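Listed below are the structures to be examined.
Two complexes come next, and they have one chain in common, subunit A, joined by subunit B in the first and subunit C in the second.
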Partner chain A sequence: MSVLEIKNLRAGYGDLVAVSDLSFAVQQGELFALVGANGAGKSTLLKSIVGSMSVKSGTIIFKDDDITTVADYKRIQAGISLVPEGRRLFTSLSVEENLLVGAATGRKGPWNLKSIFELLPIVEKLKDRNAGRLSGGEQQAVAIGRSLMSNPDLILLDEISLGLAPIVVEQIYAALPDIRNEGLSIILVEQDLSRTLKVADKIACLLEGHLVLEGRPSDLTHQQITDAYFGHSIASFGTSSNGANS
Partner chain B sequence: MIYLNSISQGILLGGLFALSAVGLSLAFGVLRIVNLAHGDLMTLGGYLAFITIEHTGMSTWYSFLIVVPAMGVIGYLVQRLLLQRALRMGELAPLMVTFGISIIIPNSLVQLFTNNTEQLPVGSLATSSIQVNSQISIGTFPLVTLGISIVMISALQQYLARTKMGRYMRAAADDSEVLRLMGVDHRRVYGIAMGIAFSTLAMAGILFGMRQGGVSPYDGQLTVLFAFETVIIGGLGSLWGTLLGGMVLGIAQTIAGQFSPELPLLVGHLVFLGVLAFRPNGLLGKPVLR
Partner chain C sequence: MSSNIQILRSPKKAAYGSAGALLLFVALAIAPKILDQSITNEWVKLFYLVTLASMWNLLAGYAGMISVGQQAFIGLGAYGVFVFNDHGFSAYESGIIASIVVGVVAVPISFLAFRLRGGYFAIGTWVIAETLRLIIIRFPSLGSGKGRNIQNYTRDPILRNTYTYWMALGVAIFALSACFILLRSRFGLALQSIRDNEVAANSLGIKVDFTKRVVYVIGAMGCAAAGSVICIQSIGVASPNAIFGVSYSAFMIFMVLIGGIGTIEGPVMGALLYFFVDKYFSQSGLWYLVILGVIAIIATLFFPKGIWGEINARWNLSLFPVSYQVKIENNQNDSIHLSKKEK
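Moving on to the complex of A and B:
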């Protein structure tokens, strides 16, 4: 069952088209990785999904509802959540207050302060600290916890390893299986190919706003992926007519 | 001893300045809107109190119960129907809207009430005072005004720190786009923040009118200046800083008044310029990193 379906999406800034004719689907409980070089359109795609950016054409279906023109905050209330690039915590609030703002939708589910603290013990230690005084890794852990607090059905993780020490990235990736155990679908945007291939159920590669490769990591060769990533050749692997993997 | 008396009078006056500046600080802190109509809206609050008194016969103090909530509703509607649309057009548009409001209010008041001062009676508090010693006496009304200011600032501080909506307001001040991505309708948060700002400025407007013996249409041109100076002296984003800023401005004005009746405004402005020059973030404000 698809949680999210993107059909023929076209989006961008002004006259600039950042993603074009994009179609794919994310299944329930799936970890769908989006990879691509800088400027490939990954962040534009995420912004289009959460509604921070209006699309030029195409359709976004979330849990069978067309949300293409729905306001951003209503999409979050419906069950989408974003961990934004650069974390973007509320720096004048404490860590615990950041988490409580994350629970603003009031959606019921497995995630609350207690379960977030169990998943990310570092967050509990920091709960009274001002969010503006955290290291990058600590901020990322809080940002993930804050997004989970809305008990989403789909969480979008935008460049969660960017600028972080490798050991911190390891700890954050180690938490992903526990997050998935709750039946959550994940769209993971990453530039780190090797790490992404280890955790993803499905991988899609964007190049200059186009989907150039999609498939299960086990079905793809490393050469195919790097070629698609860097644009050496355009490949299509195991995709059906609507863009979803068959 | 005469300066001690001036300082105590200045502290009392500062409470009123602080109350008048709280709404300005909140509107700028949460919505990033510089409300040029702040002083004229205070005047409007004073006139609404006058109308209430005239039509019901109640005392000025009871008029707070009607005017303050009414101005809160007006603030919410102005934000949702006018300023929210202007915010979409960039930073300059809300400034122009508030400038427009600042033209409309006094001119409308002149048309409706003439340029005369309309009375806002204080009652027996107007003349009563507490005699500390032979040279220092504290007026009961200014003392009540200071008390109201401290209670209001404390209540607002607690509201922002402890309630869900207060958290959303502080979060909106940090990053309103991310607040929306938490599933919060920022327009509602902005509307409530502006409603609170209008309520506090209405209280300040009535108290200013009571202190001066009444309200007249162009009072706002001076009170907006005091409010801006108070916020800048105290430091943006700090409610207690606003109280301190009001007291510094009040003390500067009352001490200057000891030398000449023409000096208070000038010295107040000089103190404001001095703070801008040497502590641009204000006495208790934090450096702005943007």
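Moving on to the complex of A and C:
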């Protein structure tokens, strides 16, 4: 069952088209990784899904409802949550207050303070600290916990490893399967290919706003993915048997 | 063994703070019956300064909207007294009605102001205030730019002073209570998240524009109420330039920054300090401004969090706490619950 379905999406800034003719679907409980170099259109796609950017054409269907023109806050209330690039914590509030803001939608589900503390023990240790005084990795853990507090059906993770120490990134990636096992669908936007391939159920590669490769990591060769990522031999993917588009 | 998680709101501190505030309110309410009117008349100014500082603090300290145009609503509140007084309402009733009407007027103004951000928002609000002043002085019934007096007003000075005092006190208490109740609600947490990061707040489903608009309207109503008190105390408006003057915004910023931005108590402290400086040095000519400047410089260098901010940081003292605390208790009970009840 598809949680999110994107059909022929076209979005951008003014005359600049950042994503074009994009179509894919994310299934329930699936960890869908979206990779691509800088400027590939990944962040534009996420902004289109959460509604902070209006699309030029195409359709976004979430849990069988067309949300293409639905207001951003209503999409969050419907069950989409974004962990934004750069964490964007509320730096004058404590960690626990950041988590409580995450519960603003009032949606019911498995995620509450207790389950967040169990998933991310570091967050419990930091709960009384001011969010502005945390390291990058600690902030990222809090940002993920904050998003989970809204009990979403789909969580969008934008560049969660950016600027963090490898050991911290490992810990955060180790939590992703537990999040997915709660039935949550995840769209993971990343530039780190090797780490992404280890956790993703499905991977899609964006290049200059186009989806150039899509499939299960086990069905794709590392060469195919790196070629798609860097834009080499794109034409050869157009006829691949794993559903890739050119 | 499992754990219970409870969300606490410092209920004891809040209860002590509220009880102390209630006692103070009662004492202040009966003051006109005990003290000489020359004293209580001066306190009217303190009360409207507390109102103005609290409203600016709500706007800037909690919602991150740095406005230098709140004098727009002070002026509208003052002139609103004339409009409704001329239609048969008492001066005090006119002040209340004017505050409500100004709140309604603030809604369309907010759509204009919210198109701007940061410094542009600040300047934009000032421009809005100047525009409203220019509109008001076009009306002959409002004095055509020369100021005017309240027409239908009690001639008894004792009654007049007492009612004005009570109105000013009521407005100040109402403004402080509104801030406290608002900030202790979930709305307050949403507001502070918007101040810290609008994009992140939006991505968590908080209605950013709606939340800001509510605060803007409350701020407008509070400033209008203070404006009507200023008008009633002076039995009129000397000049539209004064009541719509940007100096009101400057004093609001001064009081909040000196007292402690982002706290309930800070603006009260700032208003008290400014009240006494104004009382004892306002007749000192240029020295008055020099003293204000020196206080501002000292506070910036040595108390960047303001007086109450410094007290809070050193002794963790908060009479009106609005923050949340999570308490985890280990026990034998397997039923885990997340409750918002206070302990």
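Convention: the second predicted complex is superposed on the first by the 234 of 246 C-alpha atoms of A that agree within 3 Å, B and C clash if a C-alpha of one lies under 4 Å from a C-alpha of the other, contacts with A are read in each partner's own complex, and residues count from 1 in each chain.
Heads up, the rule we're going with is that a residue touches a chain if its C-beta (ideal position, glycine included) is under 8 Å from a C-beta of that chain, and two chains touch if they have at least 3 such contacts.
Being a predicted model, the structure only gives us computed values, none of them experimental.
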item: Simultaneous placement of subunit C and subunit B on subunit A, clash or fit; value: clash
item: Touching partner for A:L113 - first (subunit B), second (subunit C), both, neither; value: second
item: First (subunit B), second (subunit C), both or neither touched by A:E124; value: second
item: First, second, both or neither for A:Q140, with subunit B first and subunit C second; value: neither
item: Subunit B versus subunit C as contact partner of A:Q77, first or second or both or neither; value: both
item: Partner chain(s) touched by A:S185 [first = subunit B, second = subunit C, both, neither]; value: neither
item: Chain touching more of subunit A, residue-wise (subunit B, subunit C); value: C
item: Set intersection of subunit A contacts, subunit C complex versus subunit B complex; value: 50, 52, 72-73, 76-77, 81-82, 84, 88, 90-93, 97, 100-102, 104-105, 146, 150
item: Complex contact set, residues of subunit C against subunit A; value: 3, 5, 7, 186, 189-190, 192-193, 195-197, 199-208, 262, 323-326, 328, 336, 338
item: Contact set on subunit A toward subunit B in their complex; value: 50, 52, 71-74, 76-77, 81-82, 84, 88, 90-93, 97, 100-102, 104-105, 146, 150
item: Subunit C contact footprint on subunit A (complex, rising order); value: 50, 52, 72-73, 76-77, 81-82, 84, 88-94, 96-102, 104-105, 112-114, 117, 124, 127-128, 146-147, 150
item: Residue ranges of subunit B touching subunit A (in the complex, touch as defined); value: 164, 167-168, 170-171, 173-175, 177-186
